[in-house]
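Next, two complexes with chain A in common: one pairs it with chain B, the other with chain C.
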Partner chain A sequence: MSLRPSGDFKTTYVQDMAILDTRFYRIGFGVLLAGLVLAPLWAGRYIFLLNTIGIYAVGACGLALLTGFTGQISLGHAAFMAIGAYSSAFLSQALRLPFVVALPVASFITFLFGIVVGLPSLRIKGLYLAIATLAFQFLTEYALIHATGGIGATTVPPVSVGGWTVRTDRQFYYVVLVLWVAAGVFAANLVRSRIGLAFMAVRDRDYAAQVLGIHLLYYKALAFGIAAFYAGVAGSLWAHYNRLITTEQFNVGASIDYVAMIVIGGLTSAWGPHLGSAFVWILSQGLRIIAPTVLTVFPAFGKIATPLREIVFGVTLIALLIWEPGGLAMLLRKLKRKLDLWPFAY
Partner chain B sequence: MKEFILSGLVNGLAVGSIYALIALGFALLYKSTKILNLAHGELVLFGGYLAIALTQFVPFALAVVLTLLAAALLGFTVERVIMRPLFGQPLLSVIIVTLALGYVVRGLMVGIWGGSTRNFPAALPGGTLRIAGIPIQSVGVYSAATAACLLLVFWLFFRYSLVGIAMRAAANEQLTASTLGVSLRRVFAYAWAFASMAGAVGGILLGLWLGVNFALGFVGLKALAAVILGGLDSIPGAILGGFAIGIIETIAGGYIDANIIYGFKDITAFVVILLVLLVRPYGLFGTEHVERL
Partner chain C sequence: MTPEPVLCVEDLHLRFHGIQAIAGVEFVLAPREILGIIGPNGAGKTSVLNCINGFYRPQRGRIVFGGGDITHLAPHRRAALGIARTFQNIALYPGMSVLNNIMTGRIIRMRSGLLACGLYAGPAQREHVTHRGVVEEIIDFLEIEEARRHLVADLPYGIQKKVELGRALAMDPQVLILDEPMAGMSADEKSDMARYILELKEVRSLPMILIEHDMGVVMDLCDRLIVMDYGKKIAEGSPDQIQRNPDVIRAYIGHADEGTAH
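Let's look at the complex of A and B:
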């Protein structure tokens, strides 16, 4: 619920359907977009952080559609990202396909994998599905390690779009930004479409949805497919950004990070995955910066430096979820409501 | 070949008894609180690391007792500080919180005691024994015997003690038990303490056998496989599942590992999970969930 100024009524269906429905949101979104487009001016050497946030936000958008909107818990999202990354690497390295072809094809391959993994979700539900996807994660990791000859490292050629080769982080940032915004807008619109409504019906009670004429198998498999497609885009971007991929980048820890992102951000909010990705990566980058300082103040921490990220990450996650189970999106909404009404209580 | 299978059977039973003990804690916690504790492996890690650290100062037996007390305390703390405020929250939030808890425990353990493998001082006689002509490390035999005794103790506890009966009642039907005067909070707290203690004992036993390093945490995932095989909410199922996973891993995993693909043993548990979920999602002894609209 947002408060709107008096006299500002919705008089047409177009107004009613607008995602950015007040001037505040339109201006705010414009400022945000402008800030992101001009990011190389203000981000300095931290542009790599924005790249990482963007790539993971794309993947998290997919997981949010699957888990937040369709209610299918997946603890194997990084496995899809790995499939996207490795098929993208194969397409552009072995077949010499350009980036603009390799990315969609790799994502489509991941989409197919997603459909296959999604098929059992008709029978396996809830916690059991979480465990099954966890098993899928480990099996994929294992298969990739063996398929790539034990080490699991693969090099990827640089991105080149129409004869223009992307060499620096700054140039790559614009590749990420385009796909990031497109992915976010597509997800925000998808959940309002027929498909998105069907997803939510499946989430709320799958058998009831079936009685209402929603083809469960089709929509569950589709949700997995779309989530996998997003992960495939993220994986392909990640492969071309890092230029060297190893299976360790897509291990179970990355899958957990993904779930953490969407839970932290807010499960059923269009902004959730983006906020969550930003939160997780800024937190881990911040820890990397302050860790040496902590060590100079408390030298006794010497041994604990490496796992410091894990500990602080875990504690933050627990504290945030106890404090506000709805995630950052809910916090922002509460904040906005408070500001709307200020200085009155209600 | 016959030798291989027999040896796999004996060794598998020995390691399976430890898995059974760990899986028991897992199933117990799920049955009484409906929480899928993905930090269970880290509770195992906690037991192993703490016991090894304590043996440097006190005799082995005392170290085990202290570790168990610490594990119980950890369980109580987790329930009181983390899980109680999250009561009634969506499934996913609770799963994420247990994962985060696992991060914290593992980070603390590895941070304080380092990542390299550490071994217990020789508290039990070493060497190898022969059972029906099959060689097995004697540590394995002692571990299996201890695990079997503890399983018996747990069974007696749940069969005859008041707390045990209250916990079974709460697991059976929370609301009814609550109206009949069973304190759910206390039951949840005890469930966490017991799960944590079962995990810690498993950590000590495995640590005696294989040494302690952070990879011990992955045993939690094998316990998960055992529980899925036996049925998530069945305690006898968890125990049988533990034995079964131990044997399958040693025989089938060991065979494929040696003859077909290298490194298969570690993922046998996941193959079992997937197969069981596809064929019989509620496991061997779990209650089949019938949904009504």
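Let's look at the complex of A and C:
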């Protein structure tokens, strides 16, 4: 399978390193993108679900870079989202900065927090890092409640871009979509670049990474910073979308949701965070819809209705870890391979 | 006049709680030279390498590389100066392909910043293509074209050893340190590896430090040898001199009685 004889190496390598490396994926991506652009036509009142999926997919992209590609566990991802959300609220409410300024500045502030939280990761590893980031999660919630005078809630002005004010879910959807696609493409590019290689080297064997000249502290802190930046973007979007934010929206449960998303979606796939976010939110919504019906048929169902979401996620997680640790992204890839052979399954 | 040495190790002492792993070792590595370090198991050979690349901090002694004192530099700084190494127990990235494993050796030669990496098209892509070319040359050199896309974890031991050499070479090092590059290999694989090492010396003029237990290989490849036992350098000289040195023979026989020599 040598690439050498094919004459023009440059084009060969470029094609070889492309993210959408076959015509199937390029067409598939085009169709998906068209479907998403036209979503307000088909999604109806569920456009809010797409908004939620998109915002969380942005955050999950960051966590996938940190946990999936750099091997650093974080149970505080929602805390970064909160920092992005509250900074954005402050910048646009108190300082009257427009959304296009508030979002990047808030995300940069979150990036700085990420760097600081990432610094101890040179010494603290694995389970201890999980506990340390969990502590950061609680600390952030506590600090935000105090910063808002004990209420924990704050309001956020609507997005307005160049005199045009975003009022409806459908309008906001396009704000989300632009950032969602940009964030996804940026992350997919990053993992095949020099920085992505360094992240994976740190993840797979840190001492062997040092021997290649990779500064562990720099790359670990950078991974935390980038992950936080993504969470910051998600938080800022969330704040401007909901217009009222409370610390409960970014509690430890949300951090665990993030972990579930990247594991279910596929830890080391560019598609993983998007699939994971879609899975988690569609399932949550689905359960909410069927719950009342089921309740009238089986009243006993009421006892497990509340924790049902957690139960279903837990079971999905365990099933995937046992049968397909590559997550939904890997399941789809295998399905595609089957389709390639169909109907001649030889 | 002797040429300026590439690497000097002076009066090296290293102690772990109660174990004197290295006790006053010194040697120099000349340009284009292959220096062999031999000695029984536990003699302190790997510990010397770990001091050179910065994993261990010696309690006493000095390491000079390229004219500068590197004794207190962090490992990644030494790598950036041009010290590359392989490990006795392979230390590849199991979750990555052969291609990407070797590509990681190029990270220190790449310059694209965060933004360029995330946008990819343009400078980062051009840079990637250039470095990919270098990696492909190394893959050709090591004759591992077929394994290119495989995860290293799925490959046989002998090929993994080659990939690890490839990753070190990708750094364009000034000096290459090989810790038992032929351990556990078949006779064919060993002769391939010996061929690569000689070619690197002839074509790239790359100075090397080689630890190896296979005496046939060591005597063939090395220009000069030092022998270690119990953390001390007990002999130094050409392969011929070493083979006739009674101290060396004694050290090896002594350990053979304990059943530890290879």
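Brief remarks follow.
As a convention for this text, the second predicted complex is superposed on the first by the 325 of 346 C-alpha atoms of A that agree within 3 Å, B and C clash if a C-alpha of one lies under 4 Å from a C-alpha of the other, contacts with A are read in each partner's own complex, and residues count from 1 in each chain.
The criterion applied here is as follows: contacts are C-beta pairs under 8 Å (C-beta built on N, C-alpha and C of every residue); 3 or more make two chains touch, one makes a residue touch a chain.
Keep in mind the model is a prediction, meaning the values are calculated, not measured.
By the touch criterion defined above, A:Leu95 lies against neither chain B nor chain C after alignment on the C-alpha atoms of chain A.
In the superposition on chain A, A:Val161 contacts neither chain B nor chain C.
Of the two partner chains, neither chain B nor chain C is touched by A:Leu20. Once the two complexes are laid over each other on the shared chain, residue contacts for A:Leu321 go to chain B alone; chain C is not touched.
When the shared chain is aligned, no partner comes close enough to touch A:Val178: not chain B, not chain C. When the two complexes are overlaid on their common chain A, residue A:Ala34 makes contact with neither chain B nor chain C.
When the shared chain is aligned, chain B and chain C each come close enough to touch A:Ala208. In the superposition on the C-alpha atoms of chain A, the part of chain A touched by chain B in one complex and by chain C in the other spans residues 205, 207-208, 211.
Interface residues of chain A facing chain B in the complex, by the touch rule stated above, are 67, 73, 120, 123-128, 130-132, 134-136, 138-139, 142, 145-146, 205, 207-208, 211, 256, 259-260, 263, 267, 303-311, 313-315, 317-318, 321-322, 325. By the touch rule above, chain B contacts chain A in their complex via residues 36, 82, 85-86, 89-93, 95-97, 99-104, 106-108, 110-112, 114, 221, 224, 228, 232, 261, 263, 266-267, 270-271, 273-274, 277-278, 281, 291, 293. Those residues of chain A lying in contact with chain C across their complex are 1-4, 9-10, 13-14, 16-17, 186-187, 189-190, 192-198, 200-201, 203-205, 207-216, 222, 226, 268. Residues of chain C touching chain A in their complex: 53-55, 74-77, 79-80, 84-85, 87, 91-96, 100, 103-108, 110, 112, 114, 116-120, 124-125, 127-129, 132-133, 136, 140, 145-146, 148-149, 167, 171.
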